[in-house]
Amino acid sequence: MIEIENVRKSFGALEVLKGIDLTVSNGEVLTVIGGSGSGKSTLLTCINGLEPIDAGKITIDGTEVHARSTNLNKLRARVGIVFQQFNAFPHLTVRENVTLAPRKVLGMGKAEANEIAEKQLRHVGLGDKLETYPGRLSGGQQQRMAIARALAMSPDYMLFDEVTSALDPQLVGEVLETLKMLAEEGMTMILVTHEMSFARDVSNRVAFFHKGVMAEIGPPAQIFGDPQHPETQAFLSKVR
Amino acid sequence: MIEIENVRKSFGALEVLKGIDLTVSNGEVLTVIGGSGSGKSTLLTCINGLEPIDAGKITIDGTEVHARSTNLNKLRARVGIVFQQFNAFPHLTVRENVTLAPRKVLGMGKAEANEIAEKQLRHVGLGDKLETYPGRLSGGQQQRMAIARALAMSPDYMLFDEVTSALDPQLVGEVLETLKMLAEEGMTMILVTHEMSFARDVSNRVAFFHKGVMAEIGPPAQIFGDPQHPETQAFLSKVR
Amino acid sequence: MFETALTTRDLWFLAQGAGITILVTAISVVIGTILGILFGVIRVQLGPILSAPLTFVLDIFRSVPLLIQLVLTNAFVGIVLQWQISGFTVACAVLSLYTSAYCAEIVRGGIDAVPQTTRRAARSLGMTWAQDMVYIVTPLATRVALPSWIGLALGVMKDSALVYVVQVTELLKSTQILITRLQEPLFLLLICGAFYFIISFPLARLGGYLERRWSND
Amino acid sequence: MFDYTFQWGQAMARLPQMLEGAIVTMQVAVLSMVLGIALAIVLTLLRLSGSRPLMAISTTWVEVARNTPALFQIYMAHFGVASFGLYLNPFMSLLVGITFNNAGYLAENFRGALKAIPDTQARAGRSLGMTQLQAFRYIIVPQMLRISFLPMTNQMVWAILMTSLGVTVGMNTDLYGVTQDLNALTFRTFELFAIAAVIFYVITKTITLGGRLIAARLFRY
Amino acid sequence: DKLDDIIASGTLRCAVVLDFPPMGMRDENNEPIGFDVDYCKDLAAALGVDAEIVETPFPERIPALMSNRVDVGVASTSDTLERAKTVGFSVPYFAFEMAVTANNSTGIDSFEAMKGFTVGAVAGTYEAIALEEYVNQWGEGSTFRPYQTQADVFLALSQGQLDATVSTSTVAQANVQSGNFGDISVVGFAPFDTDYVALFTRRDEYGFLNYLDLFVSQQVRTGRYAELYEKWVGGELPDLTIPGVYR
C-alpha cells in the first residue's frame, strides 16, 4: 500500500506539489491525468525517493520513504519506475540491460538473472532480441525493454510516467498492450498518461492534477462521464 | 514551359533515370509519386541543373539547362526548389534567410529585398517571425520559411521534393495549406509527395515513377481511380 | 648532409633520451589520469559553485606556460623548501598535475555527456551511486572521453620536451648535446622530429578513428 | 616554516620591465594568430582542392605541426632553416614557429567544422542561384567560424603560452625572456617567475573570457 | 656541516657546464670531460669520495646549488659581488681573457668593430652582462642576442645569424680549432677585466669554503694546475694572484 499524506514539494520559489493526499491499495491501477507542469512526474519521482520532499510523508508498506533511516536503494528495488524517455543503457545488450540490476542490486547469480530476464523479455514480446543492442530497437521496443528491466526486479509496485508520449503513433499500441497485460495480472500501478481511452479502460481510479493540487479523484466512469471540477471539465474538453 | 526529352542519368553503374519524357506547361501542377529510389528527387535536381545529365535534354522556356552556354545561376533564380530537409541557414534570421539571395544574386537593394521578404513571409504565415533565428522555429515553420525564401526570387517555376516528409504529423497540414494556396494562385509546380489525398486534390496531372522510368501519367482521377500499370496498382494499394 | 659523423653510440645516446621522454610521459600520464579522474568526478559531484576553488587551481595549470610551472616548482621545492628532490621527480610531478588539469576537463565532459535521465533510470532500479558510476557512467563516458584522452597523452609527450629546464636529459636535450659535438643541426633535428612523429602520428590517427566511429552510433 | 627570505620588493621593482615583455608576448601571439588563421584557410582550401600534390603539402604541414613539440618547431625555425641560408632573427623565428603550429591546428579545426556543416546547406544556396563562391562566403564560412570560434580562442591561449619557448632561439624581449634575464642578474628565481606566472594567468584568462563575451554577442542563434 | 655531510655521503656532486670547451664538454661516448671535470675529480679524490658530475647550463648554476642539487660549483663561475650576495666563493682557480670571435665574412677585426653588428653571448654569463651594456651604449644598429648555451652561440655564429661573439679565450680557441664552425676566427680581446673564476658553495659553509681555498692553493703548489692547463688548454699559464691586493 502506498500512502501519501499532505506532501509538499518546491523547486526554488516554484511550489510544484501543494499538499497531496492519496492512498493506493494493493492491486489497484491508478491513472493520473492533468495539464503540463501540474506536478504529475514530480509526484512519481517523490514516491520512489528520487526527489526529496519538503513536507508531509510518503509510506510504502509501512516504510517511510524520506526517513533518514530508510535504505532507498532497497526500497527502489521494490518500486519500479519507467519514464517517458526510454533510458536504455546503450552500451549493454538487451539481456545485459535487464540482468544488470538484479545481479548488482539483488546479488543474483548470472544464471538466475538470465532466466528472469528472458522470462520478462518474452513477456513484453522481446524474446528474440536478447543479444541486440538498444540502438537497433524501435522506440516501442526500447520502451518495452525498459518495462521488462523494471519488472525483472520483481517489484511490488510500478510507476509509469507517460511511457508512450515519446513514441511514434504506430508504436504506442504495443506498449499499451503490455501495460494492459500487467494490469490484468494484478500489478499495483500508478500511471501518468495522456491516453484517455486507455485510462478509461484500464484503471480503477483516475486522479486529475491541476497546478500542484489533486483537484479530483474517482472511478473513470465518473471522471470522464461526469467531471465535477471546472478545471477537469476544461481539461477533458481540450484533450478530446 | 518545362520540356524534358529522353533524359538519362546514372550514378556510377546505377542508372537512376532511364529516358524520361515529360512536358509541364505553364500554370500546371504536376505531382510525382513512386517508390523510394525510383528517381524522383534526381529528376528535380536535374531540372534546375544541380545535377548534370548523361543524355537527353531539359529545356526551360526555350533555354537548355545543361548547355554549356547557359548561366545556371541566372536560371536557378527562376526555378525555385524546396527540399525535404528544411535547409534553413541557421546563422541568419528569418528575414536574412529570405533576403540573402535576392540581394546577392539579383542585386536588389536592402529596402526592396526586405519588402519582398516581408510580403512572402506574411504569405506563408510567418509575418511575426522576421527577427527570429530558424533554430527557434518548428519544423513546419522552417519549411514554410524555405518556401518563402524560394518565392522571394519571384521564380516562374517551383519544384517541391517531399517537403512534408521530415515533419511531425501535426505540422504537415500547415505546409500543405501553403502549397495549395500557391497552386491556386497559378504557380507552375512539380511536386514530389507521398501525401496521396493532397496529390488527388491539388494536381492537374499525376506521374508515377518506377525504377527510373515514368510508368504512367494522367489526371489524378485516372491514376488513383483506374491505374493501368500493374506497378502503379501495387504501389497505390500499399500506400493506402 | 648524408655524410655524418653520427655513430651508433650516438644513436644509442639519442635512444636513451627518447627512453626518458617516454618514461616521463608514461609516469605523468598515469598519475595525471588518476588524479584527473578524481578531480573530474569531484567537480561533477560538487557542482560548479562548491568546486570553484578546485576549478581555479586546475585552471592555473592550463593558463601558465609549462616552462614557468617547471622553473617555479623547481625553485620552490629546492630553494624555498630546501627539499632534495631530483629534477626528474619535479618534472614528473609538474607534468602529472598539468595532465590532471586537462584530464579533469575531459572526464567532466565525458560524465556530462551521459544523459541525466539514463543515470536516473539506473538509480531508480535501486543501484547505488557507486554502482551507477561503475556500470553506467564509466562505460558511456569513456567512449566520449577516450579520443580526447589520447590527444592529451600525446600532448604531454610533446610538452615533455620542456623538462630540460629542470636538468632532465630527454630526447630534444640529447639532440642538442649531439648538435654541440657534431655540428649537424638540420640532420640531427630531423632525426629528433621523426622520432616524435613516429610515436605520435599513429596514436593520433587512432584517436581520430575512435572519435569518428563512436560519434556515429 | 622555511628559512628562505622572500624579497618581493626587489622583484616587484622589475614589474615595469616585465609588463613591457608582456606586450611583446601579446604582439607575437596576435600576429601568429592572424597569420595562422590566414594560412589555415589556405591549407583547408588546398586540402579540398583535389590536387594530389597540394593535398600532400597541406596534410604534411598539418600532421608535422600536430605531431612534433612546439619547442622543436621553433628551434627548427631558427637553427634548422638556417642550414639553408635562411636567417630569421629571434622574433621572426618565434613568430614563424608559432604560426606554423597555429596554422596546423587551426586547419584541422576548420576541416572538422566544414564536415559538421551539411552538404545540403551549400546545395540550398546554389539552388537559389548563388555561385559557388557566394554560397561559400555567405553560407559556409559564417557557420564554420561559429563552430571554430572556441577552438580559436584556445589556440590563442596556446600561442601566448608558446611564446615562453622563444628563449631557446635567443629571444629576450618577451615576458619569459625578460624574466630569465632578470633572474640572471638578481637570482630571485622564485619571486620573478611567480610574478611572470601571474601576468600570464591574467592574460590568458582575459582572452578566454573575452572570447566568450564576443561569441555571445556574435553568435546569437 | 657540509664538509662532514659530503664525506659521510661518499659522493661529491659538482655543477659543471658541459658545453663550454675545453672546461667542460663531452667525448665521443658522450661522457663528460674537460678541465672542470678533472678539477672536480681531484677535489673528490682529496676528500676521499666519488665525484658526480651534474650537468648544469649557465643560467642554472646558482639555482642548482641553492636548491641543494649540487654540493659545489666547478663551473667557471666569475666571482662577482652581486653573486657573492647569494653564494660563497673560494679564491680564483682559473682566469679567463675575454676574446672576440667573428665570422670572417663580416670583416670585424676588433672589439670596437662589432659596433653596428648583431652580437651574442650565453645568457646569464659575466661576458653577456658586460657585452649587453656595451651594445646598449653603441645604440643604433647594434643588437645583442643571448642564447641558452655556448653551443647555440657558436652554431648561430657559424650559420651567420650572429656576426660576432665575446667568450672566454679558451672557449674561443677550442671552438675555432675544432674546425666544426666553418669560417670564424678569434680577432682580438674584449676590454673587460680579466675574468677570475672561482669555486662556489653555500654562503654560510665556512668550513667547506676554507677547504676549497686550501685545495685551490694545493693544486697550484703541487703543479697539478699547470698539468691540467697543459692538458686541456696549453700555452701560457694564467696568474691567479692579483697584484697589490690579498685574496
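As written, the chain order gives the labels A, B, C, D and E, with residue 1 at the start of each chain.
Note that a residue touches a chain if its C-beta (ideal position, glycine included) is under 8 Å from a C-beta of that chain, and two chains touch if they have at least 3 such contacts.
Model, not experiment: these values are computed from the prediction.
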Intersection of contact partners for chain A and chain D: C
Any chain that touches chain E and chain D: C
Rotational angle, Cα trace of chain A fitted to chain B, multiple of 5°: 175
Remotest chain, chain B as reference, centres from CA atoms: E
Separation of chain B from chain D, taking each centre as the mean of its C-alpha atoms, in whole Å: 47
Centre-to-centre distance between chain E and chain A (centres being mean Cα positions), rounded to whole Å: 82
Distance from chain E to chain C - Cα centre to Cα centre, in angstrom: 37
Euclidean distance of C-alpha centroids - chain A vs chain B, Å: 46
Where chain E touches two or more other chains, by residue: 63, 66, 152, 155
Per-residue overlap in chain D, given as positions that touch at least 2 other chains: 79, 82-83, 189
Inter-chain touch pairs (all): A-C, B-D, C-D, C-E, D-E
Sites on chain E touched by chain C in the complex: 18-19, 25-26, 28-30, 54-56, 60, 63-64, 66-69, 149, 151-152, 155, 158, 180-181
In the complex with chain D, residue positions of chain C that touch it: 59-60, 62-69, 71-72, 75-76, 79-82, 154, 158-159, 161-162, 172, 179, 185-186, 189-190, 192-193, 196-197, 200-201, 204
Chain A contact footprint on chain C (complex, rising order): 115, 117-118, 120-128, 131, 135-136, 139-140, 143, 217
Touch list for chain C against partner chain E, complex: 7, 9-10, 13, 74-75, 77-79, 82-84, 86-87, 165, 167, 169, 176-183, 185
Touch list for chain A against partner chain C, complex: 48, 50, 73-77, 80-81, 83, 85, 87, 89-91, 100-101, 104-106, 135, 146, 149-150, 153
